[in-house]
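Below you'll find a set of structures to go through.
Note that chain A is present in both complexes that follow, paired respectively with chain B and with chain C.
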Partner chain A sequence: MSPAAVMLTELESDALTEIVNIGVGRAASSLRKMIGDQVSLSVPAIEVVSQRRAARLISEREIPPLVAIRQDFSGPFSGRALLIFPEENSLELVRAVTGDELSVQEVLDIEHEALAETGNIILNSCLATMANMLQRSLTMTIPEVVRGDGASLFEVWDDNDVDGLVLFLYIDFAVRKRDIRGYIAMLMDLPALEALRVLLEEFIARVVGDHG
Partner chain B sequence: MPVTVLIVDDSKLARIVAAKALKELQPEWVRVEASSAAEAHEMVAAQAIDVALIDFNMTEKDGLDFAHELRALRPDMPIAIITANIQDEIIARAREIGAAFVAKPVTTEGLQGFVSGAALRLKSRQS
Partner chain C sequence: MAEPFEPGSDDGLRAALAAAGASGTWDWDVRRGRLHVDERFAELYGLRAGPAGEGHPTATFFSAIHPEDRPRMQIAVAGILGGAELFSKEFRIIAPDGSVLWMHGRGQGHFDAEDRTVRFTGLLVDVTERKRTEERLRVAQSAGGIGTFEYIDGFATASVSTEFCRLLGLHPARVLPVRTINGVVCEGGAPIIPEGDHQGVTAIQPFAGEFRVIRSDDGAERWIARRGEIVRDSETSGYRFIGVIYDVTEARHTQERLSLLNETLETRVQEEIAERRQAEDALRQAQKMEAVGQLTGGIAHDFNNLLTIIIGNIDTVTRRLDTGADPRAKRSLENALKGAERAAALTARLLAFSRRQPLDPRPTDVARLLAGMSDLLSRSITEAIAIRIVAPGDLWRIEVDPHQLENAIVNLAVNARDAMPAGGELTIEASNLRIDVEGPPGVQPGHYVAICITDTGSGMSPETLAQVFDPFFTTKEVGKGTGLGLSMVYGFAKQSEGHVQIDSTPDVGTKVSLLLPRSAGTASDIVAAADEAIDSGSHSETILVVEDDDDVRAYTVETMRELGYRVIEAASGAIALQLLQQHDRPIHLLVTDVVMPGMSGSELASAARAVQPDLRVLFTSGYPRDAITRDGRLEAGVDLLAKPFTYQSLAAKVRELLDRRSVAEAQT
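Presenting the complex of A and B:
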């Protein structure tokens, strides 16, 4: 049995996958609108792992250097959302979202803030959709662009508890025509997971209704 | 007098995208840009602004707070809040201050309803 199964019942885990799917679907549709090309998504993977393991999972999946746009959220449950991709994809993504209209120099000049804005749109559409489905409101911080390897992207909230368990959730995305790929990751600590579980129970009750 | 639209967003990319969509819908409207609420305040004081498109998620002061202040100064101005943060609560807060809600990324389709409504309101005020 995976640690995730210990933390969430099968139905809760299904409900979370469903909510994340819809949130990420909305995020993908935002990205599609921004670049005009189809975005493919994987099924979300949800695991409860140590923070170190989460950092390692990131490093194993992509070769650094990586770029991430990071946004923290707080409310009934808190955590961190990241849009991560290989640094070599970064300029291509900026070209894609600026509609191939800018010169090389202009793309370089606008790179940092275009990444922040793209991350802002994608992570916000995902988190806001999840918040709406759970009927709670979340506060999102201003996006931050960070570069480095898996461990540095993840330097998680509480330095004293580097090996605390986190809910680690990730979805791959790819824009085939553009050779852009990356993934969306979400991290929540265990108190947040406990709070989330209560909201998932409410969500399930609403969805199942009287037929349950 | 041409209509002047103020686009307030701390992201240059977002301002480019909004300006592009606006230009397609209303090519004759004049577009001016501010990168913060403070800068937007100065522009509103200094020149005639008819319509405002305001990003929600900005450092220092968020777009809803700025829209609230702007609404107090200009009770009739068509104002839209632009954000990817489509939470029900944010939409409700926009409605409370009489602002429209436009989801990011801004597209011509997404902006059309607000822009047509604003054009009608401005026209009826002139006549």
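Presenting the complex of A and C:
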């Protein structure tokens, strides 16, 4: 196991997963209200990996180009959040959230906007829930839509010695019976992750202390 | 969302839940902070039923949960209370009887209009059996290095096990895109999981296969075997492909090595046969040489006896001819003698190439030997050829038979002459040569004197070069040469523990190098050649001549008597011994043939020395076999006169022995 993988204990990792799950649940609820249809999202597992490893993980699974909705966050722990889809899935997602009434051209026309909005709902829910559950507040930038391969999304360059850490979440979307998969990634440097870890410790102490 | 329900309020529902394997249900009222459970839940948790509808404190939910799982479950419930929708966890509970059971809790959060969680409901299912089975399966899979997968027709992903990912070097995951899995297969290989949405099941068959993959993490090339089964999916019209993969690289390599061995079997057999054939050829050649050697030895023996008679008698007649005799008769005798001498030279060569000539090695100064040969060489070589002899004074001593060395050099010089019909340059150069560890093939490291005979003649092709040492191989016209020259040189060199090397380039010339091992002796050991004056004997000196060939014996006895010796003769060893024992006067010298029927010359010599210990012995032989030689060289203290001998050579040798005896006696 790499040092990065032992950054979070099993319990901390569980706690983070639950918190993100809440965020994702809120996002699903928001999407449901927005499009008035059954939407369920699930987060199977969470992992802390290096940027390089995250890039490889994505390339192992998906053919570039990838589409990502990107938002930077700052507060007690700062970093960059990414919601990533294979490009072939992004139009599916847009179609799913906009209903099937639109023509191909119309879908293409609003793709960017729809992606930014969907990404904003999901990432915002996650980050806001995290801040809320950890009893802190975060500031977020406006979402941006970017395209590229795993290396460019995770800013992995050969001459880049500093290999930051990535909180990596595999996420399943089920919208209108469509099976769309995506990834949530949060890029944080070591001090940010350490700050997050301390907050998680506090959270665990609160929860377990309550009933323990 | 889900309708609120009263746990345990409906017998029908309870029965349905029990039939579904449910072990209990709960309803967590968030607003009132109470936990309502059904009978089965209460039974599992060992709860006493309180007043109806009152419920239990919410902390009760965690009371029976195994301490190790409790924090994890507290966090999960915190998630639900915090707004998460779904709850699906496996954990252990400790039943009132102390047994540990694995439970799968499935639940759901219920929200009000403001998305606040108001209730948390769910049911527990006993999965202890399944957990144990899973555990066994997990151990079996990881111990056996077996990865599992399940692929549902039409999906882009497959469910896989951790071991499955490990085998392919992929990051561990429970679900992998099929494309990711097939991406590790080497270029052009069949996919591990065929996406059969168009061709259906047939695309997968056969279910067993082997795939060459490049492991994603370390780039290692491995062979992966797949076995599986097709299961009709009851939910959809499609199928599920369930199977396992495992690493068969080692087995595959072994198999490949085996098949490679099989493929090269023929080649290896051919190589083996070729090697064997070579060994057989070498053996045959050796046997041929041995046979030729025996044949020549036998011929030489008889032939030399005959030549002794012929040469001896011509010699005798020539010596007795009056000076006034018919010159034509004299010339005829000279011609006859010349012919006999040529025949003698031929038998000598036959013996030389078959390495059966008795060598008489002596410390030899090559420089002096070469200087002594210059006359002979100028006579044999035409004037059109310039002869150059280079022999430095600091040459090491060697121990060889000087006459045979001369023979070899003359032979090579004559060959060089014949290679230069239009004239050229002949160089005979002697030098010291130190051969270190890495010498030419067949040459032992050590110190040698190299005698190189170089010509500027026509040279030889590699094909010719390969055969030059074969007996009877000749490039000369029929009748011009015997084909024994080089093989004789070769035989002589080998018998002298030396070597012959030959380099030749067509139209440039040939260089033959004789390498002869350096000896420990010094120049002072070198014996000056005896002069050729006839040494007569006296009647006081008695010689016993033993020879089974009557004519040879007659000639020998005749010659001895002519020289003035007192001679007694015997036709066999037995008679000779009798004579020796009966004879009242001392016998000074025993001259005996080596190869005789009955008792051999050397047997006779030892028997005779038993009677008369100081007896001197001179062996005569046309071909002594191994009777008196060791490794082709004369044993120390043994004197041999080779047949055919002449009046002069016999006289000189007998005198030498008798005088040596006198000297020895004088010294004692």
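Points to keep in mind about this one:
Definition applied: the second predicted complex is superposed on the first by the 160 of 212 C-alpha atoms of A that agree within 3 Å, B and C clash if a C-alpha of one lies under 4 Å from a C-alpha of the other, contacts with A are read in each partner's own complex, and residues count from 1 in each chain.
To be clear about the criterion, a residue touches a chain if its C-beta (ideal position, glycine included) is under 8 Å from a C-beta of that chain, and two chains touch if they have at least 3 such contacts.
Treat the numbers as computed from the prediction; the structure is a model and nothing was measured.
Of the two partner chains, chain C is the only one touched by A:Glu62; chain B is not. Shared-chain residue A:Gln38: touches no atom of chain B or chain C. Of the two partners chain B and chain C, more residues of chain A are touched by C. Of the two partner chains placed around the shared chain by superposition, neither chain B nor chain C is touched by A:Ser74. In the superposition on chain A, A:Asn120 makes contact with chain B only, not with chain C.
In the superposed model, A:Thr129 makes contact with both chain B and chain C. In the superposed model, A:Glu18 lies in contact with chain C only, and not with chain B.
Shared interface residues of chain A (contacting chain B in one complex, chain C in the other): 26, 129, 132. Touching chain A in their complex are the following residues of chain B: 11-14, 16-17, 57-59, 83-90, 103-105, 107.
Of all the residues in chain A, the ones that touch chain C in their complex are 10-11, 14-15, 18-19, 21-22, 25-26, 28-29, 40, 42, 44-45, 53, 56-57, 60-63, 129, 132-133, 170, 179, 181, 203-204, 207-208, 210-212. Interface residues of chain C, counted against chain A in their complex, comprise 58-59, 62, 70-72, 74-76, 78-79, 82-86, 109, 111, 115, 155-157, 170-171, 173-177, 179-180, 183, 216.
Of all residues in chain A, those touching chain B in their complex are 26, 30, 33-34, 97-98, 110, 113-114, 116-118, 120-122, 124-125, 127-129, 131-132, 135, 137-138, 140, 142.
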